[in-house]
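Next come two complexes, and both contain chain A; in the first it sits with chain B, in the second with chain C.
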Partner chain A sequence: MLAEKMPQSEFEFPYHKDSNELLKALNTKYPFLADLKFSLAVDKQLVQENTPLKGNEEIALLPPFSGG
Partner chain B sequence: MTRKPKNIFVEGPISSDKIATSIQNHSSKTNIGAHSIFLGQVRADEKEGSTVRAINYTAYKDMALEKAFEIREAIFEKYPLTCMHIYHSLGEVKTGEISLFVFTSSKHRKAAIDACEELVERIKKELPVWGKELLESNEGSWKENT
Partner chain C sequence: MSRFERQTILPGFGQEGQQKLKAARVLVVGAGGLGCPALLHLAAAGVGTLGIADGDNISESNLNRQTLFGHQHIGKHKAETAGELLKEKYPDVNFNVISEFLNNSNAIEILRDYDLVLDGSDNFGTRYMMNDACVLLDKPLVMGAIYQYEGQVTVFNYGENPVNYRDMYPNAPQPHEVPNCSETGVLGVLPGLIGTLQATEAIKIISGIGKVLTNKVLFYNLKTSGFFEVAVAPNSDLKKELPASEEVFRSKDYNITCGLSESIDWKKALDWKHSLKSCVLVDIRELEEEPVFERVDISKIPMSVLNQDQDKVRSFENIILFCKSGKRSEHMAAELKKQFPEKKVFSVDGGIMHPASPVNSEEK
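Let's look at the complex of A and B:
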């Protein structure tokens, strides 16, 4: 559902110093994110607490898992 | 022995042939006394006035494989297992077909059974895999594990 709403499945996003700032910026740019449940992964690690960013990380927005 | 991440994904449903072969492959490992197997089957749930006809699975593959590897290592650490196999479908799996196959083997039954259960729980909770339910009415809705 999330991927269907984003303009592209993969894209570059301006640099933000940490995951909280990045989330804020994503929410501003894509207001529909506020209604969706998702977690953030930085370089394939689930973000548990605010994480500093360098700028070359692979960020993923992950909706609730439903495998199995 | 160091173990490396291996692919757990299978395109489409997991065939009963694959399951049978996998069991057969263990006949030479005669230190095994118990196998535990979990099979996840796609269920025809009622949804939005229609019925589920299939689930289309997608995954964040690289992360899922890393995570599966991490879970594997943790389970091997915790239980005295001889073998562990995980297979998960990607793409469309119809109702009645198998989309998850978890297989643990050990000397005695308790380790195999407990490890299998914990593996299934962790797979469902921690692997970035998504199932979109495809309905008879052609609409789709995203699942969420609880």
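Let's look at the complex of A and C:
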């Protein structure tokens, strides 16, 4: 549900100093994100808490799946 | 020659691995898209006892992915049919057929009998409930889940620093945060693949071979043929989300609605009206109906109008309907959902007659 709403499945995004700031910027650019549930992974590590960023990280937005 | 010869001659598996499988008791929750291939492979591999839990019947639209079943099984019970078919193929395996959906009243007693659980359920309510039950009883849980062209697999509650579902997603999503699960499409091979990966991890845990997929989630994208892993660490702050005891577990509400239309209470309706972007709260009663209820945040579109013309709600992503008792709004919500499968449509439970309705609070 997330992938089909985003313009591309992978893209570059301007630098933000930590994961909270990045999320805020993503929410501003893609307002539909506010209504979706997902977790954030920074360089393939799931993060629950605010995480500092350098700028070259790979960020993934991972929604939960329920289907079976 | 034995049925398991090709396994027992495997270096590192041997008679010992086979004995472990024979002694193992595995519960498969859901005999659906994930459960069918998982059950088939676990039984074929010689797991001694398999529990099959499902409360559903087989329908024609299941057949693209629920590969144990065929045309002649439509209308029959899933768990019973799976048990019969597998027993015929593998008489050396004990099958326990559990012909009901697991919930927080029956799960603990059922889970106690098993060493390992494989989650092949199709809804968040059951997934969180199974997760919490497995944490309480300290049972390894092999989780698999799919959405359209993507799947995820991991093992919870296993190894040195065990993680569980709440370390990935601390809380269950609200109905408006996920698509209607029963409605979404799926190519049948996807659960076939993910369910088979789940069976693989279960066999590895039981036999002790290889490195179990724990503390990381494997994602698979069918379209790109891409696999990638994401590491998950245990988070002690999230322990508070877990029920502390079996009593708390039994009293917890795991019902997460996920159907054609969803019922919500007045508190959610008003909260969402103000917090969600693109949300409309509609009084669908006819204009002459009492009590008169005027609020700036409520749109009045009678059901008779809405039945003919949905243009007034078309521009909203989230549509919340209410009527006098909740009956008409429930019906109308289901109708709108058919018109707009991509939108979230809700009905306010109990309507304006409900004690918690703002009509009552404003009169006081």
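One rule holds for everything that comes next: the second predicted complex is superposed on the first by the 64 of 68 C-alpha atoms of A that agree within 3 Å, B and C clash if a C-alpha of one lies under 4 Å from a C-alpha of the other, contacts with A are read in each partner's own complex, and residues count from 1 in each chain.
Assume a contact is a pair of C-beta atoms (placed from the backbone, for glycine too) under 8 Å apart; a residue touches a chain by one contact, two chains touch by 3 or more.
Keep in mind that what you see is a predicted model, and the values were worked out from it rather than measured.
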item: First (chain B), second (chain C), both or neither touched by A:Lys54; value: neither
item: Partner chain in contact with A:Pro31 - chain B first, chain C second, else both or neither; value: second
item: Chain A: partner with more touched residues, chain B or chain C; value: C
item: Which of chain B and chain C A:Pro63 touches, first, second, both or neither; value: both
item: Contacts of A:Lys44 with chain B and chain C, given as first, second, both or neither; value: both
item: Chain B and chain C contact sites that coincide on chain A, given as residue numbers; value: 1, 37, 41, 44, 60, 62-68
item: List of chain A residues in touch with chain C within their complex; value: 1, 3, 31-32, 34-37, 39, 41, 44-46, 48, 60, 62-68
item: Of all residues in chain B, those that touch chain A in their complex; value: 40, 57, 59-60, 62-63, 66-67, 88, 99-100, 120, 123-131, 142-145
item: Complex contact set, residues of chain A against chain B; value: 1, 37, 41, 44, 60, 62-68
item: Chain A contact footprint on chain C (complex, rising order); value: 30, 32-35, 119-124, 127, 144-148, 150-152, 167-170, 173-174, 176-179, 181, 184, 186, 191, 217, 219, 228-233, 235, 237-238, 258, 276-277, 317-318
